[in-house]
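Structure provided below as structure tokens; questions to follow.
Each chain gets a letter, A, B, C and D, in the order it is written, and its residues are counted from 1.
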Amino acid sequence: MKFEEVQKHNSRSSCWVVIAGQAYDVTDFLNEHPGGPSSILRLAGQDATEEYEPIHPAGTLDAHLPKEKHLGPVESPVAGSVAAGPPMPLVKEGEVPPLSTLQNVDEFEAAARQGLSKKAWVFYSSATDSLASLQQNRLDWTRIRLRPRVLRNVGRVSMRSTFMGHDSDLPFFIAPAAQARQGHPDGELCLARGAARHNIPYCTSTYSSVAHKELSACLAAEKKGGALTFQLYVPVAKPNASFLIRDAIKLGFKALVLTVDSPVIGKREEDDRYKAELDHAAGINIPRSLSTEDNAPIVRGAHSSTLEWDDLSWIREQWGNTGPVILKGIQTVEDAVMAAEAGIDGIYLSNHGGRQMDYAPSSISTLLEIRKYRPDLLKKMEFYLDGGVSRGSDVLKALALGARAVGLGRPFLYALSAYGTDGVCKLIELLNDEIQTTMRLLGVTDLSQLSDYYVNTTALENELPSRVDLRERSKL
Amino acid sequence: MKFEEVQKHNSRSSCWVVIAGQAYDVTDFLNEHPGGPSSILRLAGQDATEEYEPIHPAGTLDAHLPKEKHLGPVESPVAGSVAAGPPMPLVKEGEVPPLSTLQNVDEFEAAARQGLSKKAWVFYSSATDSLASLQQNRLDWTRIRLRPRVLRNVGRVSMRSTFMGHDSDLPFFIAPAAQARQGHPDGELCLARGAARHNIPYCTSTYSSVAHKELSACLAAEKKGGALTFQLYVPVAKPNASFLIRDAIKLGFKALVLTVDSPVIGKREEDDRYKAELDHAAGINIPRSLSTEDNAPIVRGAHSSTLEWDDLSWIREQWGNTGPVILKGIQTVEDAVMAAEAGIDGIYLSNHGGRQMDYAPSSISTLLEIRKYRPDLLKKMEFYLDGGVSRGSDVLKALALGARAVGLGRPFLYALSAYGTDGVCKLIELLNDEIQTTMRLLGVTDLSQLSDYYVNTTALENELPSRVDLRERSKL
Amino acid sequence: MKFEEVQKHNSRSSCWVVIAGQAYDVTDFLNEHPGGPSSILRLAGQDATEEYEPIHPAGTLDAHLPKEKHLGPVESPVAGSVAAGPPMPLVKEGEVPPLSTLQNVDEFEAAARQGLSKKAWVFYSSATDSLASLQQNRLDWTRIRLRPRVLRNVGRVSMRSTFMGHDSDLPFFIAPAAQARQGHPDGELCLARGAARHNIPYCTSTYSSVAHKELSACLAAEKKGGALTFQLYVPVAKPNASFLIRDAIKLGFKALVLTVDSPVIGKREEDDRYKAELDHAAGINIPRSLSTEDNAPIVRGAHSSTLEWDDLSWIREQWGNTGPVILKGIQTVEDAVMAAEAGIDGIYLSNHGGRQMDYAPSSISTLLEIRKYRPDLLKKMEFYLDGGVSRGSDVLKALALGARAVGLGRPFLYALSAYGTDGVCKLIELLNDEIQTTMRLLGVTDLSQLSDYYVNTTALENELPSRVDLRERSKL
Amino acid sequence: MKFEEVQKHNSRSSCWVVIAGQAYDVTDFLNEHPGGPSSILRLAGQDATEEYEPIHPAGTLDAHLPKEKHLGPVESPVAGSVAAGPPMPLVKEGEVPPLSTLQNVDEFEAAARQGLSKKAWVFYSSATDSLASLQQNRLDWTRIRLRPRVLRNVGRVSMRSTFMGHDSDLPFFIAPAAQARQGHPDGELCLARGAARHNIPYCTSTYSSVAHKELSACLAAEKKGGALTFQLYVPVAKPNASFLIRDAIKLGFKALVLTVDSPVIGKREEDDRYKAELDHAAGINIPRSLSTEDNAPIVRGAHSSTLEWDDLSWIREQWGNTGPVILKGIQTVEDAVMAAEAGIDGIYLSNHGGRQMDYAPSSISTLLEIRKYRPDLLKKMEFYLDGGVSRGSDVLKALALGARAVGLGRPFLYALSAYGTDGVCKLIELLNDEIQTTMRLLGVTDLSQLSDYYVNTTALENELPSRVDLRERSKL
């Protein structure tokens, strides 16, 4: 087929695109696209390879587009389409400071901001509404003070911790974050390598831009350690989760981390604005349907909006005894109680990095809420946290209050974007340094020695909710 | 009459103006003008059409100026007077960002600020004294945090609410705000159209710059829904309120919203400064009389300064069974008690958008005060709030604490100023999106499910008054 | 004597100066000068008229310098000495905005800052150390919120208040502040005129740059009202206070306001720096003696550093029944108790406008402290406050908490510096407007109706001292 | 030996340097250097005199480098090596404001910042991680308010205090701070002179860049007063502390101040970054080993990381009855209890100027913690504080809460860097002025009159830890 033929199908009624030299008819798929129709329409009748590649793992087209919509090769490839050869880093050396001079987690963000495309920066950094949740996540860590003990032999320290079914060298993990190939051609492979080399878990996103099979192979090839766990967004068609779970079991993922805070996608304004400005420039105007009628599409509904407590039993059944089942996105003591009563193994306190609901509690304040109203839960389940973690001291604050480990998401995206696998490893090393230095200054040599006596949380406790709905338990 | 004749009457002792080609003698009216004499004196002996038009609805001159002061047509119309033809938008396209790229309520303010005349901007945006009330209104919303519940089926949500005697599609309404024609030639008509098309109430101001009759006709013509309610400022001559009420009944207004926070007009410094600078430039110097003698004019007294609880009975009588009577501007639990004992149907907590008294409580903190000291009142009357609402989450916070609906004023003025009716509709749609998205993330599908368990109000509760005067009830 | 002769006496060992054409030998006086020796030494052997005049009232030289040090007229007066003729305003029109456009108290400060000499600005505006007291004074007013009551007949309001033995038209007074002739040639006369024309008290400073006799005559000449009260700094030689008191009685001052917070002068760094830079430029270097030996001069000791409770009896005796005796500068409930037990009539809570001790309590927080620990005192004595008052609402907050009246100091200096008597009057009018407008919006028509129910002071109450030394009473 | 020979040994495998005309083989010493190997490697094969001199006291090479590594004189001294003659000030006159115009402690920091080398500035000013401890130190002082008493005879005041076994003229001392010769050629001699001339203690650092013997001689030579106390970092080889202690006894040091907060050196990012950038420029890349294996070097472990409570007995034994033993770096009530039970004489509350652990409690908040949970300890031991002290009022706040004296560290480094001995004296005089002025304004004439009634600490008390581990005592 000639490219001129493709160019004629440039509208909503007939929309073709070229990807890697092949033409596809995506007209019927427009409304099913999780990113919305306009991100495809902007490329209607054009070569979309450059936009498509960094977001979608291999095999995506085969999995989602019926065979008859694969229209075959385009005869004369367009000038300017993606050339063959090894992928080039997106961030050029010289655009960022030398890696050896970086001193803390935040400097990776600054480096990435200099080098990333606007599209990737906006996707990685954006958060919901007025950014109140994003900022509170950071702020709340700073409002906890430490209580160092002196004159203890701290010559040798151990930072080992067992969590998510893995013996980890360090008490943190790589939190799920999607579309890493927007930042670096190796994408999530950098994360797998870092996790392997430093023996920490990496919780892959459902929306990894590198196929899970490749990540699994990459981790194994390193022969050093690490573990993969599987973050699951249940799809709009809930039963389709089964396929994803079976695949994760087959690939040896050690834990199932079920995201429960995303019945819809948060209103991330920078991201929405970026797309609205592109659409405006392209003359595309598809207003978001706001209907709440029974058959209307659900606003911002990329995954299942109907996932509920009763679904946990069949999900558990699919996963079997493969490893622990963890709920990610719990934000109240009430839901922690519900999870305990549902027999869940672990709770991952998170407000999704401030990307879902604004004015959500920070994960550390939720942990304090649980300590206040139902401290017994901390003995029944493992607790994880993420959101705004930027220091080894943050990790230790969480552990002193009962968490088993802490996740970091965006910092790893920034590290790989600016420096690839080396950046990921450096980030882990910086945290290692901060954690062991802070442990020694706290007077502890093993994480098990930490307790709430090592933290002063009064400032946060003064703002905990004065009432919670513990009646709820009886409703189960 | 020749224009030269008009020009001679350019002083306080004889003051004529031309409006739409007709001359008027306003000498005796100078001291009665609610905006003060200097705003007329600045135009003495001149064509005042351009200044007069955007503020006064049709029929104002007939209603307020005795027939003998209508001096008839001016022979040679002045160059530069308002030309015939359809009115032009005051804000030009290109001065503001494309409407489709706006992401939140505040961006309408930024857009309007770019495009509005200084006079209109100052009138719309100004607030009292040091802006403490204005800023606290915004701040207090941000100090309430949300408590999201997970794993609930939120596929379908309903945002319907019945309030002010109307079945509304959304739990908010257009709050009263005056002089919309300063921002857009269609003025308040834009608001009526928006209310109709999205089926929400619009509470018209006594000082609408479009006549109430036209608004009523406009809403009906849309044939879509919506409702008008009537905000009443009781005039200096209290009995004149009867005429206004009867007119509202005749036009089918569904509720009477009686403003009780304005015995005088707040000291809005930006507005006062703007006028003082004009006066200084024009050489006019009429210092505000500060006397408190019995026969002196009341400082800043544009409406009745003597309206009191005893007046409610005859106002109710005038209004009859037309619909609920609501008091707008209640700011203490004490006055909420008084209102309940007076048999009022609804309480509209408001500090007038920070335009009346500085250091007033925000409406949401007053609601918390009522919950603390007299929670029973929430079951006896409907509660409304306004002031600083800029997010769907603000609306839900108010509802979780017992409000029936929330009003927005300035944002609608900004939306219509920058984009006309389309702006009004877009603003409603943005809030619709935010409300339904936040509801789903909170785990509620119907507004009736909201309760105080969904909010953490500890930060605000820590600053509520430690004593209130509940003895007052017995004084009634 | 020739001026050349004067010029030879330009050192610490022999120091002459010319003032208004007369030569004086001030060698022995250098160490007695309340402003320290270097401010004279900088002018040794020179014509000092321009520096001397705006600070010292007529008669100062006669009162303080022995007759034999008056060396007689200087033959050839220097060019550039102060010329005859009416004094010129120091701030020129055009340097400040038109008075009619000023909207609030703070704008007088901005205007004065533009027009004043650096010396005067530094003297008026400086405060102690890190400015913490200065800033807290302003901040604490803003942390009190008001609780407005609605639907009350507020057509007529009265702002009359009786205090300091005077029936005042308004509940505030002009607080003592010195050296007004540095800002305007008429100096304190502007204050006397303003107090007379608006019938409020003016509390003159011991260090008025216009003689008290002139102020008294000026007030009487206005024939409008007002009152003078007398602020007393007890001199280093305590008994000399008697002369000052007798003079005040003779001139008809209505109250004695004894400053008790100034055993030494606070470390006002801007002021000290200004002088140190002048000294450095002039090559003068007289380090402050820091000795605490028995016969060493007291560091920063301009007035009596030994004034104590026992002195009150003879001071009272001197003053007789002339009017109330008020202690200015009380800052703790403990000292309020002491004052009550000493039979004092009134307490003037003040931290001296933040000019004395840093981290002092604001006067309004001291009032709350007294309300918390010894509310009975409010019925036994009159209470006054000053410090950071910039709004009519501040005045009403103080009155609602039990104060009888409120003083403003710096704002009046700024007003007279920028606009003379007109500025003083305008400032009073602005406050009048703010007070009556806020009263109406609060729903009160007479100051006696105010009570603590009209204010929410929780934010300040949360930071009151948790313990006070009420045992102290028994020590008297 | 010729310099060309030295130049060949410029690598990790063979590393020679020239210091003051002598060559040294430091290859084997590289890994033992407390500052890490890279700071030597940067100078491998070069003349290192200029870098070496300001950091190391005389005799350092003899003490630490085996005789056989002293390679003898270098024949042709390099141009640019340090010339003979009297040392020149590092900060030039004119780079800083005239000393007589400085008004407060902070202005010395500003002056030093202008004049210091980047290396010295970074070393002096840097603090750990996010600077939270550094900033909290400053902030917490400002959150304590004072409660001044009036009408007391404060003509004469005494600021004398006996502490650390010395009768001091003032209630503060020079806190240990190292490497003063980076700021001024006379280095710590300036501190000894200041301490002598104003009769206050100077607590010398283990790492003084002037030998302790010289400091002792200098103090004696002044013949004015003062005292030296000895701050001890226990070396990695703990028993080596004995030599240091014996030396201090011999030199007449009056107290032993044992630092207990430094099992490792804090992560001071500005310092680390400065070195990383130098290394990057020099092509040196020695990543910090992060291993926690048994035989790995301890990360950031410059001193003993195994010092523990049990070591106190032999340290005491070494010190004998020479004077009090004080623990520096206690930060919890729990460790204060431990110290009391161990029979320690004094406790020096400190977070090491914010240089060790981030989010550490400020020393004043630890003092409040002790007052809350174990006030009896204040009677059993002497308490000292440092950290963020910048005002005489800070000193008095600490004393009112039970401290015996307060230390200042960085301010003295800044003062000597910018102005040498004169700066040190001026700094002491400024504090003298502030302390006596504030005492008079507080109404106290002797430090023993101070009590907690003179301070309002409610703001800090509201954030103290709600639980402490007082069970710990029984573990001893």
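The criterion applied here is as follows: a contact is a pair of C-beta atoms (placed from the backbone, for glycine too) under 8 Å apart; a residue touches a chain by one contact, two chains touch by 3 or more.
For clarity, every value in this text was computed on a predicted model and none was experimentally measured.
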| item | value |
| --- | --- |
| Number of hops, chain B to chain D, where each hop joins two touching chains | 2 |
| Labels of chains that are neighbours to chain C and to chain D | none |
| Angle of rotation relating chain A to chain D [CA atoms, steps of 5 degrees] | 90 |
| Type of chain B:chain C copy interface by residue overlap (half), same or different | different |
| Gap in Å, rounded to a whole number, between the CA centres of chain B and chain A | 45 |
| Distance between chain centroids, defined by C-alpha means - chain A, chain C (Å) | 63 |
| Numbers and ranges of chain D residues touching at least 2 other chains | 462 |
| In contact (per the touch rule at the top): chain pairs | A-B, A-D, B-C, C-D |
| Residue ranges of chain A touching chain B (in the complex, touch as defined) | 129-130, 132, 136, 260-261, 263-264, 266-267, 269, 272-273, 276-277, 279-280, 285, 287-288, 290, 292, 294, 298-300, 305-309, 311-312, 327, 329-332, 334-335, 338, 356-361, 462-469 |
| Interface residues, chain D side, partner chain C - complex | 98, 100-101, 103-104, 142, 144-159, 391, 393, 429, 432-434, 436-438, 440-443, 451-453, 456-459, 461-462 |
